[in-house]
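The following blocks contain the structures, represented as structure tokens.
After this come two complexes, each holding chain A, first together with chain B and then together with chain C.
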Partner chain A sequence: MAGFLQQVVEGLGAGAIYASLALALVLIYQFTGIVNFAQGELAMFSTYIAWQCVAAGLPFWLALVLTLVVSFAGGMLIERVIIRPVEGAPELTLVIVTVGLFIFVNAAAGWIWTFLIKDFPNPFPGGVLEAGGIHVSISTLGVLGVVAVVMGLLYLLFRYTKIGLGMRAVATNPSSARLVGIRVGWMLALGWGLAATVGAVSGVLVAPVLFLEPNMMGGVLIYAFAAATLGGFDSPLGAVVGGLIVGVAETLAGAYIGVIGSDLKVGVPLVIIVVVLLLRPQGLFGRAVVERA
Partner chain B sequence: MSETDSAQVKRAPAPPAAPRRPAPAGPLAGRWRWVAIALLLAAACYAPFQLVPFHVFQLTMVLVYAVALLGLNLLVGHAGQISLGHGAFFAVGAYTTAILLDHWDGMPYPVTLPLAAGVAFLLGLAFGVPAMRLRGLYLALVTLAMAIFLAPLLKRFEELTGGSMGLTLAKPAPPAWSGLAPDQWLYFLTLVVAVAAFLLAHSLLRSRVGRALHALRDNEIAAEVMGVRLSSYKTLAFAWSAMFAGAAGCVYTWVIGFVSPDSFTVNLSITMLAGLVVGGLGTLFGPLLGALFVMFVPSISQDINDAAPGVIFGLLIIAVMYVAPTGLAGLAERLIKKIPRKE
Partner chain C sequence: MSTLEVEDLTAGYGDARVLHGIGLTVGEGEICAILGPNGAGKTTLLRALSGMIKARGRVRLGGTDLAGRSPDALARQGIAHVPEGRGTFMPLTVEENLRLGAFVRRGRDGVNADIERIHGYFPVLKDRMKQAAGSLSGGEQQMLAIGRALMSRPRLLLLDEPSLGLAPLVTRELFRIVQAINAEEQTTVVVVEQNAHLALGIAQQAHVLETGRIVLSGTAEQIRADEQVAQSYLGYRV
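Entry: the complex of A and B
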């Protein structure tokens, strides 16, 4: 039993990272209806900025704040410059543009920082806590805590601020929002900025575990997609719950299902995506979309 | 119609303006198009006798990619469905051929072509059934997940696939009567497959199937009203395009004589889509131009920097989507139309 709980705890730690990237995906989908295939790469790029700051001698937490600010501005800039011209275009166009962004950001990081693996400092102290025979590393707790804080801050932003209200209005009905005087374009840019910031957090969290290199987020992205699909692409809460479930499911499947083992674990998100789309396409917390001709 | 909280009402997607077949007017239409193709074919037959073996090999690979992109074009350009995992079908074709040749001695290699294409077709059909229920975005997700899952799967079934070491095979040798060098023989084999694939795709698109696919791409609801069975056509488009990719994968194995999981990463799928977009979605020459890109952009720009091909591809895709949704092929067609014609 303790072994099982141990696996669950480790799954939650992995799941928290998927949840943070899924949260970024959902933020953008909510506002623009775009699934941003470049989200993971943007997170990776932000992580490189943090690494560069630390390498330049800045203390970690200052580097982190700087990274988040740069990511926020970068996300807004990308929305204004790259996404804006294809706003409202068919899905095929949107997917192809974000895939283009994916290829470009990935290669640009490789060009600037080379494809060699870099060591990224772990913001949390090492060491392990023990309770009832279960070992939890402090960094796992730290990751879970950070994701909870991010989730809480987003909730406060959307629930209690005027900007958040405006963003929710835009997500619900852009034309009506524009009629009551909300600057829809800026709200969309703000959505991308927020998503890039949340993505940067997930990149910084994942970097000490996976090591920093341009293809770092490629593997995480597919889990984040599974998490967002499971939770519902228009539900931030769903993304977090979905991420945790995907993390636990993956860890348990790797540990207890002999056929899967550790090398076929990446099949778990594929199965989750297909099953969810076939049984409940809107996800656990998502709203069903009714199509009008 | 009022909007409720529980069900958000969305309008049906507007007819996509992006990939559209160029109007059949202009100097490249009708007979002239076939003259251009005949000239191209003549040049293609002449080239291997003038080039060094390495360049012949490069041209062979261009044709291999062209066959795969022809399939992808059927799905993305003509049917308007997104696939980010076409490298997986390519890999399935390649591995089917490799396993057949490896496990059965004396297996004549031409037999592997229909088998590889058939396996890919069936797999495409199997994935097409869930695909027909998915909207564009989700289809992209599922195909991407599929492409990511393939490499570990191939590594796992070691006794069949050779694991991460891959399989090494003998390349088809030229028969004595032909008098060709091995690289030229492979080139002509590939050329025959490519021409056959081209004719097959072309006649498929000119039939009622092609019209149904275009209708389904341009406006699903209107297509359904006109009697196009959406689910069966989406599934079939997926399966056909997988079949082309499988055939291309088979020829790839003939030409390279080696398969390993690392040759078929997600990057292959993404590069294929990128090449097709740059070449021209839904156009006749798009797959060929795209294949030239997939082959030559990396090998030329790698001298600048390892990352240069990615930077170029990424920027090009975004630029193409803005200014020339029909890619280079569409751009060329527009330029030719601008040339004043003699009366």
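Entry: the complex of A and C
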């Protein structure tokens, strides 16, 4: 039993990272209807910025703050410059644009920082806590804590601030939002900025575990897609719950299903995506869209 | 001064021109009814006035030229448009919908006082403040839409077919309230309506639109007395 719980805890730690990237995906999807394939690469790029700041001698937490600010501005800039011109274009166009962005950001990171892996400092102290035979590393707890804080801040923003209300209005009914005087374009840019910031958090959390290199987020993105699909692409809460479930499912499958082991673990999110799309396409927390034929 | 002056307004969708040189003036605090058959361009006229579609010509509100501005800029200038289909933010609560109406304003106190004021006009909304707007009935949603528009303290209120899909009794009540709002707040109102009877009942002046042109203008009494209008829209002969 303790062994099982141990696996669950490990899964939650991994899941929290998927959850944070899934949260970024969902934020953009809610506001713009775009599935941003470049989300992971943006997170990776942000992580390099953090690495560069630390390498330049800044203390970690200052580097992090700087990275989040730069990511926010960068996300807004990308919306204004790259996404704006294709706003309202067919889905295929949008997908191609974000895939293009994926390739561009990936190549740019490789060009600037090379493809050699880099050591990324772990912001949390080493050490392991023990309770009832279950060992939890402080860094796992730290990851869970950070994701909870990010989720909480987003909740406060959307629930209790005027700007958050405006953003939700844009997500539900853009033309009506315009009529009440909301600058919809800026809200969309703000959405991209927020998503890039949340993504940066996930990159910084994952880098100490995986080592920093330009393709670091590829696998994480697939897990994040599974998480967002499972939770519902239009539900931030769903993204987080979905991320945790995917993390736990992956760890348990790796540990207990012999065929899967640690090599085939990456297949788990794909199975989850397919099963959710077959049984409940809107996800656990998503709204089903019903349209009259 | 919130007089609405429209001159030589043309608008359409893509290459299809729908409005061909509309001109009208609505005095401050007046209600103006726009009548006409389906496809005459009534909704398009309101969309052009609120900036939802591109229009050419001159639109002045209280002397300020507003032509060519975006809908959000026009909302900040005091134009509140209750669009066809009501524009409700369905998943948000009734209260959030009302607060969104006041998005262009600053300060919380005034907003809370205005929510009270809207409750005065539409008591039914008061009990449903925490409910999702999408769960309201059609009539309640129309009241919410008008309430949302009033929250911006508009100088010009544009109403698109407020009677659409509502029971006759509800519609009559709604028009009574629109009249009361107009009387109390001196809001200039342009109302597009299929139900010519009701619209003429509250309006001071009216225009009949056909295929994008104004074919008849006058006071509400004059239009009501017009034989052709009577036959086409009121269902009886004078």
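As a convention for this text, the second predicted complex is superposed on the first by the 291 of 293 C-alpha atoms of A that agree within 3 Å, B and C clash if a C-alpha of one lies under 4 Å from a C-alpha of the other, contacts with A are read in each partner's own complex, and residues count from 1 in each chain.
Rule of thumb we're sticking to: contacts are C-beta pairs under 8 Å (C-beta built on N, C-alpha and C of every residue); 3 or more make two chains touch, one makes a residue touch a chain.
Being a predicted model, the structure only gives us computed values, none of them experimental.
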Tell me which partner A:Ile103 touches in the superposition: chain B (first), chain C (second), both or neither.
first
State whether A:Val81 touches chain B only (first), chain C only (second), both chains, or neither.
neither
With the two structures laid over each other on chain A, which partner does A:Trp111 touch: chain B (first), chain C (second), both, or neither?
first
In the overlay, answer first, second, both or neither for which of chain B and chain C A:Arg287 touches.
both
A:Asn173 contacts which: chain B (first), chain C (second), both, neither?
both
Identify the partner contact of A:Arg183: answer first if only chain B is touched, second if only chain C is, both if each is, neither if none is.
second
Partner chain in contact with A:Leu279 - chain B first, chain C second, else both or neither:
neither
Footprint overlap on chain A, where chain B in one structure and chain C in the other make contact
172-173, 287
Could you please specify the touching residues of chain A with respect to chain C in the complex?
162, 165-166, 168-169, 172-173, 175-184, 287
Please give the residue numbers of chain C that touch chain A in the complex, ascending.
50, 52, 70-72, 75-76, 80-81, 83, 87-92, 96, 99-101, 103-104, 148, 152
Chain A partner, complex, touching residues on chain B are 1, 3, 6-14, 16-19, 76, 80, 82, 84, 130, 133-138, 140-142, 144-146, 148-149, 152-153, 155-156, 221, 266, 270, 273-274, 277, 305-311, 313-318, 321-322, 325
Flag every residue of chain A that touches chain B in the complex, lowest number first.
35, 37, 82, 85-86, 88-93, 95-97, 99-111, 115, 172-173, 214, 218-219, 222, 225-226, 229, 263-264, 266-267, 269-270, 273-274, 277-278, 281, 287-293
